[in-house]
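Pasting in a structure now, in structure tokens, and then I'll have a few things to ask.
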Amino acid sequence: MSSTYGETLKLSIFGQSHGTAIGMTLDNIPAGLPVDEIELQTFLNRRAPGQNDWSTPRREEDSPEILSGILDGYTCGAPIAAIIRNRNTRSGDYSNLKDLPRPGHADYTAQVKYGGFQDAAGGGHFSGRLTAPLCIAGGLCKQWLSEMGIQIGAHIANIAGICDEFFNPITPNLSTVGEKFPVISEKAGEAMCAAIADARRVGDSVGGIIECAVTGLPIGLGEPMFGGAEGRIAQIVYGIPAVKGVEFGAGFQVAEMRGFENNDSYTVSDTGGIITATNHAGGILGGITNGMPLIFRCAIKPTPSVSVPQTSVSLSEGVEKELIVKGRHDPCIVPRAVPVVEAAAAIAIFDMVLGNTQTNRRK
Amino acid sequence: MSSTYGETLKLSIFGQSHGTAIGMTLDNIPAGLPVDEIELQTFLNRRAPGQNDWSTPRREEDSPEILSGILDGYTCGAPIAAIIRNRNTRSGDYSNLKDLPRPGHADYTAQVKYGGFQDAAGGGHFSGRLTAPLCIAGGLCKQWLSEMGIQIGAHIANIAGICDEFFNPITPNLSTVGEKFPVISEKAGEAMCAAIADARRVGDSVGGIIECAVTGLPIGLGEPMFGGAEGRIAQIVYGIPAVKGVEFGAGFQVAEMRGFENNDSYTVSDTGGIITATNHAGGILGGITNGMPLIFRCAIKPTPSVSVPQTSVSLSEGVEKELIVKGRHDPCIVPRAVPVVEAAAAIAIFDMVLGNTQTNRRK
Amino acid sequence: MSSTYGETLKLSIFGQSHGTAIGMTLDNIPAGLPVDEIELQTFLNRRAPGQNDWSTPRREEDSPEILSGILDGYTCGAPIAAIIRNRNTRSGDYSNLKDLPRPGHADYTAQVKYGGFQDAAGGGHFSGRLTAPLCIAGGLCKQWLSEMGIQIGAHIANIAGICDEFFNPITPNLSTVGEKFPVISEKAGEAMCAAIADARRVGDSVGGIIECAVTGLPIGLGEPMFGGAEGRIAQIVYGIPAVKGVEFGAGFQVAEMRGFENNDSYTVSDTGGIITATNHAGGILGGITNGMPLIFRCAIKPTPSVSVPQTSVSLSEGVEKELIVKGRHDPCIVPRAVPVVEAAAAIAIFDMVLGNTQTNRRK
Amino acid sequence: MSSTYGETLKLSIFGQSHGTAIGMTLDNIPAGLPVDEIELQTFLNRRAPGQNDWSTPRREEDSPEILSGILDGYTCGAPIAAIIRNRNTRSGDYSNLKDLPRPGHADYTAQVKYGGFQDAAGGGHFSGRLTAPLCIAGGLCKQWLSEMGIQIGAHIANIAGICDEFFNPITPNLSTVGEKFPVISEKAGEAMCAAIADARRVGDSVGGIIECAVTGLPIGLGEPMFGGAEGRIAQIVYGIPAVKGVEFGAGFQVAEMRGFENNDSYTVSDTGGIITATNHAGGILGGITNGMPLIFRCAIKPTPSVSVPQTSVSLSEGVEKELIVKGRHDPCIVPRAVPVVEAAAAIAIFDMVLGNTQTNRRK
């Protein structure tokens, strides 16, 4: 598996933070799907670091070069490949990272797993930078899902313990999410920004929670057991660095609910369709979408790159040493991770759409 | 995908709740691994319903018949297949379930997805009964991991809001979990049992949280991005019916932590090895095991089969109707799910062990 | 991979020749497909050994027990599982086979690969007996393809150098194949039977070639490169023990043809469709079906179980020894392999049907 | 599947003949494997068209740019990605190809499958040009296999009916293959070149057969049934455009052999090892390598691009039309396909090496 994902579509992501280029291939996509490259760039820009308080001052231009698979604005049936060249290619000496691993990063696990051969510069293949090609794939899938009437939106539900409003689980309004700072409640957003600025001031960082909603889903996506929507979405969302938890619908709250309360009663909608009166299931029953909004949340740990002194161990000497992580880093990656979570969800759901072999012969 | 799992090992689970038999095949397992069938049965018994307050009075004997792949107490390199015959085969009329879907169950999603052709009896392929073959596969993997010094244990962390102690994340003591009722704190267990009995009394049910710890893991299991330990474990754990959340280490708590606090500093252990001083990462960095205990929790929703009257919609008539779920059901499946979570973890981890292609040439 | 096959459908085959049971699971099959169990049994009977000159006098009754996935004559969306119990379970002492491997069998390779833990009885998992569950899966796929107007038929093209007529590559008439002995030319069939009887008389065996044709295929099945129809069919056909060659259309004859001759010109059929005037491509261009009959042939080696004395090496002593293979064996498995080849083709093609994600938007 | 291959390694190939770039990603490769880029270029040059009688006068420089996965001459554990930019990008009008499909090409099947959205220029994703990235992946695998003592060599066994000597199946001498023209017998090579020149003179083309041998293989590679070495090699070899047949060892000749003759007796080698006296099995028994040279042959159809007038059908008008294929084309691609076959074999075998989970505990 490694950096490939998908049952029916085949996504492969490659690159290292400071290598020549990062990129992705996306195979088994039907021909004739429209691609709006400007919309894709707009989506990618949501992930890019900006010039504000809550992100790194480094500037990346994540303009993908599409190498194959798209012709005259449509998919052509061949595998899609796209790359983003790195501007910040290897220059310094990273042997330090191999000897004195940064806490919270993959330095130590990579060093042991790859025996020192790994590309340590900037985190190598473990860098958050690899979410850019994930967003290329996800941005495309989002467009194709949108054509089918399926919309995906996410917002920051929590940063540093400060909570945004949640989506209405029955009728989530994706357009209420702020463009500048992706929250529903502007006031909560301001408090979050203040908390991020606080952390930055002391060289520390903060984590958070992202909530994602998918509307317009048909009933019947997903497969039983290991092919269920929850597991497939969780697998790709955990592919985003820093994610430490994923929950659907009522999630961990189910532990405090009784069955009668947690069960979503069926009722008839205004338009005569069958809906549920509540949506504790997050739109998924038995791993299969039930036509209600699919809602999940994921926890993002605080950026491990903090500038306060930390304790590590020199692998060569076997003794503790103080470590100072240099450079400027995002004190909070949660805002930038919002489109990445949408991208991951889009890929998982489009994979389910493509792999749905049920012909729905009626009995 | 559907009911198959695994990158290197290939697990396939089949059966319906009231069909002829349920079972599993497990392919690509090395020859020469010892199998203790008595130990396997003991493990399966932990999942079986008993004669107590917290489980269903129905009695199942989950004695698997091994059809292939094991010879004279060892794996023989051929795919392993085992089945459990159902005693409770289809007898009644289940057409009602197809018309008036039970809230919280997969009745409605299955009806739409499979166009009425699904086996509705007892939940069909969506039944919790399918966790029995999962436990066969997982019980075998547990034995093989144990041979390598890897131990897996789980306990009930929460039922109905009542919390057990957590495992010590640095030195979890798996043997402190009670045999009769799988909690660390006997007192918490008693309160949980009381809460279950309360729910049963009113025909309702309760949910909970299970915490699982894996000790003795080598450093370097798991692959980058989508092959990471979190995503692979989450995918199989979500294959257990009723799971609505999965988190690793500090999990959703990371939203309220700062980076310096959440980062696990490296230090030198008494025996000279490199360990972390805390274990907020739950033993996983960059998707790769770091040698610390792997710790995760999953949320189990309250059993949807409650006997209080519920509202559903007749699919044929398109109008709301009252639904009474008959039969006796577990008011809480969390205790029985504990070995199932261990089984799922064992399968995911053994798959990572088998698929680890790194040769660890040293630089 | 091992004994699993399929991109979209997931086939898993298990069992050993003299184990408890052999069987298969077939997952990701749409619900609502009709299953005619009598027709399936008729198909399986074509593979069963009979009481004639060309097959073994052993009698097997390959009546599968369907454990799951089929309900009231239709697939129900759950994985299909079926088993056949072995009557001829382990009884003798097979340690001899582990020390003195039979030439042409997998005894030696299994011994080294599995370190002596393999089930050597009757060839274990490498036995031709495992083609029975392959025929269960293939017999089902054949029925489902037939519903779509896709027919699959095979015949013996060659035994011991004696050739049958070939199918007409443009309009193969599958019904001209004999029921008793699967050849087109009765006369060729008689000569083949005589050659088999000759070989049997001297304790030897003969090989042959099977030709398979698939009609009624839509244009556009198969995917580029590694997903091409040839490669996917070849992979499963090579899963049949004793197959040593697979070719499509003109096959190895292309080496002696010029391009102009080998190219199949396009022309308009009587009904106004586009067909090719010849069919050297065997119905496949660029790995994709072109609507013409798909035609392939596979070479089946002579049964390695011959009763004439052979030379082997004692693995424990490291010296050559004479080996006498006891028991009665098919002097030619080609006739019984005919339905197995059809089964393999049916599985590969049904997998391509299920996995065809192209939406065929028209430009 | 489509343009991805591999059970343990994950190869993804992308690009269209006249698109921006072609390339490949190769994932799940262990870190620390040495990469000699000059040797890789030398290998790729064997596939490149030259300035001689038997290949196209077009000149391609297939110098790959490695984007990721290789650092300081070693694999770093991250996915390997490499691209080759196309010089000959889309310029002309290819709508003609979409209306009047060239016989023997994938024009028609692509048109129907992709609804006209395919990239028709130069064959698009179906072009033989896509074998260049296959050679990048295969050239790398060849180097890594060579490190383990496994050598792969191929030669032209037949062009236009003119046969080269075969490899000695017991002791194939890979170094006897000519560097300029890959045959063993120089005289046969001259006759082949004359036959190619003959075909070129009349605007026609010729096909052939390539024989490939793999030496130094350990015993025990490959898995039972669908994971067997034959099927896995066949699947990737059929991914090479123009391959219409694949056979192993005695191949289709087994139809005329008796079992005693075809069985390879075991004997003791000069160095005390166990070998077979003949090698009709082509080094594979039960799908598993037996330590003897692995030998296979594949049939390559004559280049469909011939300049003699051919008959096709206008898809828009539904009537036959004469078609003249313009441009200069290889009258025979067999010589250039020799390294491609080696590459395909290398990838399949390295995949089997990586996926071999047997621990070979001895009994």
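Before moving on, here are some points about what is shown:
In this document, chain identifiers A, B, C and D correspond to the written order of the chains, with residue numbering beginning at 1 in each.
Simple rule for what comes next: contacts are C-beta pairs under 8 Å (C-beta built on N, C-alpha and C of every residue); 3 or more make two chains touch, one makes a residue touch a chain.
It should be emphasised that the depicted structure is a prediction, and the values quoted were computed from it without experimental measurement.
Chain pair with the larger contact count among A-B and A-C is A-B, by C-beta pairs in contact.
Ranking every chain by how far its Cα centroid lies from the centroid of chain B, the top place goes to D. Distance between chain A and chain C, defined via averaged C-alpha coordinates, is recorded as 45 Å.
Note: centroid distance chain B to chain C, computed from Cα atoms, is 39 Å.
Chain centres here are Cα means. That of chain A falls 25 Å from that of chain B. The multi-chain contact residues of chain C, meaning those touching 2 or more other chains, are 1-4, 13, 28, 31-32, 74, 77-78, 110, 113-115, 117, 125, 223-224, 227, 355, 358-363. Against chain D, in their complex, chain C makes its touches with residues 1-5, 7, 13, 101, 103-106, 108-110, 112-117, 125-126, 130, 158-161, 199, 204-209, 219-220, 223-228, 230-232, 234-239, 241, 243-268, 272, 274, 276-277, 280-282, 285-291, 299-306, 308, 310-313, 315, 318-320, 355, 358-363. Of all residues in chain C, those touching chain B in their complex are 1-4, 10, 12-16, 19-23, 25, 27-28, 31-32, 65-69, 71, 74-81, 83, 110, 113-115, 117-119, 124-125.
Note for the complex: chain D touches chain B at residues 8, 28-33, 74, 77-78, 223-224, 227, 354-355, 357-363.
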